[in-house]
Amino acid sequence: MDKKGVKIVTIGGGSSYTPELMEGFIKRYEQLPIREIWLVDTAGGEEKLQIVGSLAQRMWDASPYKVDIHLTLDRREALPGADFVTTQIRVGLLNARIKDERIPLSHGQLGQETNGAGGMLKALRTVPVILEIVEDMKELCPDAWLINFANPSGIVTEAVLRYGGWEKCVGLCNVPINLMIKEPAMFGKTEEDYIFQFAGLNHFHYHRVYSAKDGRNLTSEFINQIFQVEDDGTPANIHKEKFIEEQLRAMDCIPCGYHRYYYMYSDMLRHELGQYEKHETRAELVKKTETELFEIYKNKELHVKPEQLSKRGGTYYSDAACECINSIYNNKGSIMVVSTRNQGALSDLPVDCAVEVSSRMTAKGPVPLAWGKFGPAERGWLQVMKAMEECIIEAAVKGDYGMALQAFQINPIVCGGRPAKALLDEMLVANEKFLPRFHDKIQELKRQGVTIKDDVVREICEKGL
Amino acid sequence: MDKKGVKIVTIGGGSSYTPELMEGFIKRYEQLPIREIWLVDTAGGEEKLQIVGSLAQRMWDASPYKVDIHLTLDRREALPGADFVTTQIRVGLLNARIKDERIPLSHGQLGQETNGAGGMLKALRTVPVILEIVEDMKELCPDAWLINFANPSGIVTEAVLRYGGWEKCVGLCNVPINLMIKEPAMFGKTEEDYIFQFAGLNHFHYHRVYSAKDGRNLTSEFINQIFQVEDDGTPANIHKEKFIEEQLRAMDCIPCGYHRYYYMYSDMLRHELGQYEKHETRAELVKKTETELFEIYKNKELHVKPEQLSKRGGTYYSDAACECINSIYNNKGSIMVVSTRNQGALSDLPVDCAVEVSSRMTAKGPVPLAWGKFGPAERGWLQVMKAMEECIIEAAVKGDYGMALQAFQINPIVCGGRPAKALLDEMLVANEKFLPRFHDKIQELKRQGVTIKDDVVREICEKGL
Amino acid sequence: MDKKGVKIVTIGGGSSYTPELMEGFIKRYEQLPIREIWLVDTAGGEEKLQIVGSLAQRMWDASPYKVDIHLTLDRREALPGADFVTTQIRVGLLNARIKDERIPLSHGQLGQETNGAGGMLKALRTVPVILEIVEDMKELCPDAWLINFANPSGIVTEAVLRYGGWEKCVGLCNVPINLMIKEPAMFGKTEEDYIFQFAGLNHFHYHRVYSAKDGRNLTSEFINQIFQVEDDGTPANIHKEKFIEEQLRAMDCIPCGYHRYYYMYSDMLRHELGQYEKHETRAELVKKTETELFEIYKNKELHVKPEQLSKRGGTYYSDAACECINSIYNNKGSIMVVSTRNQGALSDLPVDCAVEVSSRMTAKGPVPLAWGKFGPAERGWLQVMKAMEECIIEAAVKGDYGMALQAFQINPIVCGGRPAKALLDEMLVANEKFLPRFHDKIQELKRQGVTIKDDVVREICEKGL
Amino acid sequence: MDKKGVKIVTIGGGSSYTPELMEGFIKRYEQLPIREIWLVDTAGGEEKLQIVGSLAQRMWDASPYKVDIHLTLDRREALPGADFVTTQIRVGLLNARIKDERIPLSHGQLGQETNGAGGMLKALRTVPVILEIVEDMKELCPDAWLINFANPSGIVTEAVLRYGGWEKCVGLCNVPINLMIKEPAMFGKTEEDYIFQFAGLNHFHYHRVYSAKDGRNLTSEFINQIFQVEDDGTPANIHKEKFIEEQLRAMDCIPCGYHRYYYMYSDMLRHELGQYEKHETRAELVKKTETELFEIYKNKELHVKPEQLSKRGGTYYSDAACECINSIYNNKGSIMVVSTRNQGALSDLPVDCAVEVSSRMTAKGPVPLAWGKFGPAERGWLQVMKAMEECIIEAAVKGDYGMALQAFQINPIVCGGRPAKALLDEMLVANEKFLPRFHDKIQELKRQGVTIKDDVVREICEKGL
């Protein structure tokens, strides 16, 4: 890449996260000299793009650095010559997330917008769009890196590697970075005092911790402490149900916050159903926060990332993203936890699939640290989740209803049988606009009388959103 | 083995199935000349052993063949010189099955006595006993084959291969033999018209069907037909919930009857809860049938297998068992579906684990037919079930509560989280007498106030059964 | 396939083996009713095709069955409607085999026309032609089976599976069938007294033997006997150098006759160099035999397979071939040792590669019997040979000189370094006419001064053969 | 480990390399504060131990640091409380190396003292001793790291991991560190300008090189340059036969210097035979150098590592060793190429075997960087070498002649057949004193008339060395 300055293209640039990203880039400018930034969004997001784009420009203008922000609705205008393309798209916007969470709950099932029923629908909507972006990149910026934050981040990475034929792809997530900050704090220590090693799938990874002093495996001591403290590093957006202590001991590794939806399934479901009744699903709260945020962003006096953004969730996301770009650009050799091609690092999963794993970040991309074998239970969980990912991706790419059904049935947090089918059917119908590859099937489902039961979702659908 | 005559030792010989077995041996005597038969049972089953033993002797006396039935409560008396040791033990008798089914349902969860919560408890009770039998065999009849029908048959086989260090073990099940008879009948054909290939785990296998005429893959035509007919070969003891057609099409292979508990989870649960309310769980029905059967067996005039036994379930079980022994004894080279060491036949599972697979039956035991890879969903299901099996076996062997909890959490038909732990805890307490390796943990659970909630089970426990 | 009668197309029909094949078909006619037979050859083989075609017709005319033999130089005329296509081609005829054997020996290296230097050259010539045949079959007889006897049979099968996209392919070899007849004879027994299990690669397989009476592993007793007897089943065309007894004991399995070229490398090389000096390489002997054979074939009175053919080698080849076709046609379920897709049967080799393995022969083709893991040495040998196969196939398909060099260097019976390159170079130049994909490289080599040193080969080349 | 100061125990401390090691420790003292150093040797090496021990103490005395050197012939005296145990033993001293090199050459075969015939004999002598050291460490310093430089370093590491049950073991080699210095120098650059990734086995690894600026794969450009320059990083002790350019291009990775013995087998053999004739085998040269070195070491005025040591070979060995210890002690996270447990990093080799691989050096030891799959040829070479390693280790541990023979036959640089057996037999007899586990077999061989043919070796043997 051109060492005179980096060109960044952010697809989904109208996201409320963009100021985070700008702050991250400004902070790192001396190491990572940005030449230009392009924010790309779709027609539906044009207003937000304008608002956030203006704020972004004001942030740079207030910095010591001269960087131009370009706004466009046409990604093919933005891509030529890009060094890094970051994707933070949300096909169907937050209304789609409301569907992802409320429809399952209206069926008495968990939504879980990253690897549950909601996440699988998100994959159906997102994968085809990402693969189109990759096709454009092959043509317009064949040397660029694709840095994906769009969820489900691991599934998207798997799709890009398997169907996109594009190796230069990194999937990001802020869960590990949070854990590496919060867990040491449980002991009044910092990340430097420990060696962390992560392995698994996005939002479904495990880690072990060792002493940086003498290499001793401290995982069981960390497990002990997790049950003593208030803040164990679980993301703010996840209900803090405690794990079962005996189970974590049997694992000898620490699951991530999202594992709660699996290991504490019934308990999380009960909580989410309560949120559903109160119209406080995560999607609804975020939508409210976003509206407030964009009001704040409009303020022409504002030229820093506003305080309120931290409420939005996604802490350290921009740190993860900017540091990933920085590490690749400067061949830093730092260790980050990213979604990348397995290469054997997790020997229980296919050698060429996407995994989320502690990796050495270099100019040639992430090089995974080998983890080896898991115990039987963790192995089984990861294998079943990877199977679900493969099914939903195949469904997304081919518009294959049967594979979507297979994904819903095998997903451990979807209750199987006819209710799983009923759930899938209603979600497909509710997402008709964003699932062109399922067009015929959706018409058939509608003829069979599949309708939307949840009031909030029905209203969104009736508005054609 | 001694070609002058075969010595059979049947552990759990007091089972109501024994007359089936006798009939099977009598039918095959010309091929498989029996020298002597030993029926072994425990003190608790002595009365049944006497009843069924007398009937067995009457059956042989009415045959053209002179075979002596020996009864004993000491398996070490029976084992020396055995050629085949068959195990059909039920640790804790049918009362234990009642616990396995009723406790989960009292928690609103599925029991499923073969690979659900009930099956896992059965494994905890059964695995240590089978491993003790294997130790005795090593000493007393080191050339004998262990032919296991005790459920969970696949888990028991895995335990024997992994922890018993005993290769000459075959696990049996009557599900495949039934399918190979019933599915052709859907088309007015017989087994000879088709090539069946099975692969998977016990009570969790898949199969494909091909034309014996031209080798064409007929699996999708069989799937079509399954949705047209009344009797698709599902065992009589399983509620006949139809699968979802689109899912079977996406599989391109046919699941077994027990897959219903997984693919039709919610629907099966609803049905089982109804049976629970009516005190018509399978265990309760079987217990009633057994009482009637033993009344009939007592009739000194009876010297054939009575009609009523067929109601008991287990059709063709004795055919499977006697034919397996016959095939090994006579090196028949016939194809049977048995639990045996994988040897790579299912490349998605560990090369040395136990699988249930179409195998060529020879004097050196079953040789699995290679199946290769599954599609992603079937692969994932099998991998997660194998993981569950490994966890529950490790728990059984080591008395490890954490691993038992891991097994309960990963089992796809146990609803995860605290309810899974509560279920496990109550089941452990209810099985105290049969779980010596969990003694300390059970005392701890009792101190924590874990009690039995279901009336029927509580009564059984209070009687010390 | 049409049960009214089978259409056979034999490519390379002008081969001296064809009468063997005819005899095999006549013998099996009641089970395998032939409708018509097409013998196909190239222009260069037209005369032989006429001679052998006439004999074939006379053989059928002398039988009770009416079958017409069709002769053609255009395989596209023959293929439509074929049920079985057998390939016994020899690209470059026996002159090519002379090159395959004499050039290496003129370099002091082993030729070994199946998986040594000669075999690799044969693969370079043969693979592209077989893949063209497969393309024609896709178009003209998409339901037919390809039964390949052309050597290197395993490499050809691997190429068809990997690059041809054609599943209905079986590779045949007469080595296992010979062993299963000859080894029992060492003890005055027959094949029925034993259970044989084979696994490996073509001309590089191992087997174990068990008692059909009690399943006991008799492999070590067979190994003992091999060192006691004259005829241990080694093919007549292989110099009978004894293996080293201690090595076979350490294996606990029995290598095939061709393993001599590997395990007894130096000794075999010494012997072959002697044959080379005497102009008695196998190729030269066979060429002489063939000339004699065709003289005999010309005799219009002859209407049976002549005695002298047995000297040609390839005993039981036609039995293997005809029985393979018969087994598929009649779904016999018999066990044959064939080259087919691994499917995990040999867990040390890629799950989807071609292996030679005891398989159950059914209407849907061969189903491999699972073998599991090998000991470290056998595993290593098989892995290195499979690597060689993959390299030479890639070289053949792409005309890739570097990959051909990799194959020559990794082949354990080619002495590595510059001599391996010199050998490859000379062999390429000598085969110019049959290696169109290497045309440019061969011109370059000729410009670099690569010439043919062996007189016999140079003469052949100068004649343009 | 005790942060107040590190205790080092060097087994084989009488080696001429020890001054290198001392220099390395002195250079790093500020980072790696040494508390005490124990040099251990056997009775046969006592004189050297005294000489080198005195020099070592003088070197420390001349440094700003106060470190005591302890000398002992009893390793159990030295081990208690050790933090790092380094092993640089040479069982049988340089006389054994003379046997390892001269006997094969006297048979017209390559010696190759690391993974050829010589290396395999060295493994037979060394593995049992190392496993005894590990047993002592388990008892006396269970938290210590074993840092092995004894060749064959990879085989020793494999033995420790597989049979020793000791995880804290790192195998070292100076080949990669040399390449990372020399190869950049071909372009006038330094290591920092590139990303190197190594994977393979000890003395049998491959690497790729990427730009540190933009991550581009520069391997093919490096390959080009290798054929342009004099010094491509090949160790000084290896004859600089050029590789064949086309082969390296087909690999797309760079072999190590020792690969010459494989890829340039015939050429290297010719060269070594020349050295043999001139009595200039590496062993003989080294023995001479060593005698000179120890004369120099005796000089009481000497208190630095003498210049002449660099001629001995093993450049940067002490840098590798001391930096490895430093990295573990200080959790540096630097990348080193070491022998360690695979953990899936090379997906073509067993997940739990020892590999030599670029690893991140941490307080918990090396964490391998995942490499993924190799091309078919490299995969095959590595698999056959790993098979050889497993065979020779099993032979060493069990004293199993058959497995030793299997190792000799599969080793690609031993010419197979009876000559391989003759070579093994003579080498066993020549090493009688150091192979107690082969005692009976060696007596048998002697009775069969196996004798030593090479004069130099016979003389050594007659002296009982």
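Should a chain be cited, it is by its letter among A, B, C and D, assigned in written order, with residues numbered from 1 in that chain.
One rule holds in what follows: contacts are C-beta pairs under 8 Å (C-beta built on N, C-alpha and C of every residue); 3 or more make two chains touch, one makes a residue touch a chain.
Model, not experiment: these values are computed from the prediction.
Student: If you take the chains that touch chain A and keep only those that also touch chain D, what is left?
Tutor: Per touch definition, common to chain A and chain D: zero chains.
Student: How would the chain B/chain C interface be labelled, same or different, where same requires over half of its residue numbers to be shared?
Tutor: Comparing the two copies, chain B and chain C contact each other through largely the same residue numbers, since over half are shared.
Student: Counting only C-alpha atoms to place each centre, which chain is farthest from chain B?
Tutor: D
Student: Taking each chain's centre as the mean position of its Cα atoms, how many Å separate chain B from chain D?
Tutor: Their C-alpha centroids are separated by 55 Å.
Student: How many angstrom between the C-alpha centroids of chain C and chain B?
Tutor: The separation of the two C-alpha centroids amounts to 46 Å.
Student: Using Cα averages as centroids, what's the distance between chain A and chain B in whole Å?
Tutor: Averaging C-alpha atoms per chain gives centres 44 Å apart.
Student: Would you please write down the residue numbers of chain C that are in contact with two or more other chains?
Tutor: Nothing qualifies.
Student: Once the touch criterion is applied, which pairs of chains come out as touching?
Tutor: Result of the pairwise touch check is A-B, A-D, B-C, C-D.
Student: Spell out the part of chain C that touches chain D in their complex, as residue ranges.
Tutor: Chain C residues touching chain D: 241, 244, 246-247, 249-251, 262-268, 376-377, 379-381, 383-388, 390-391, 394, 400-403, 405-407, 409-410, 412, 415-421.
Student: Spell out the part of chain A that touches chain D in their complex, as residue ranges.
Tutor: 1, 3, 143, 195, 197, 210-217, 328, 331, 333, 335, 341-347, 351-352, 360, 362-365, 367-373
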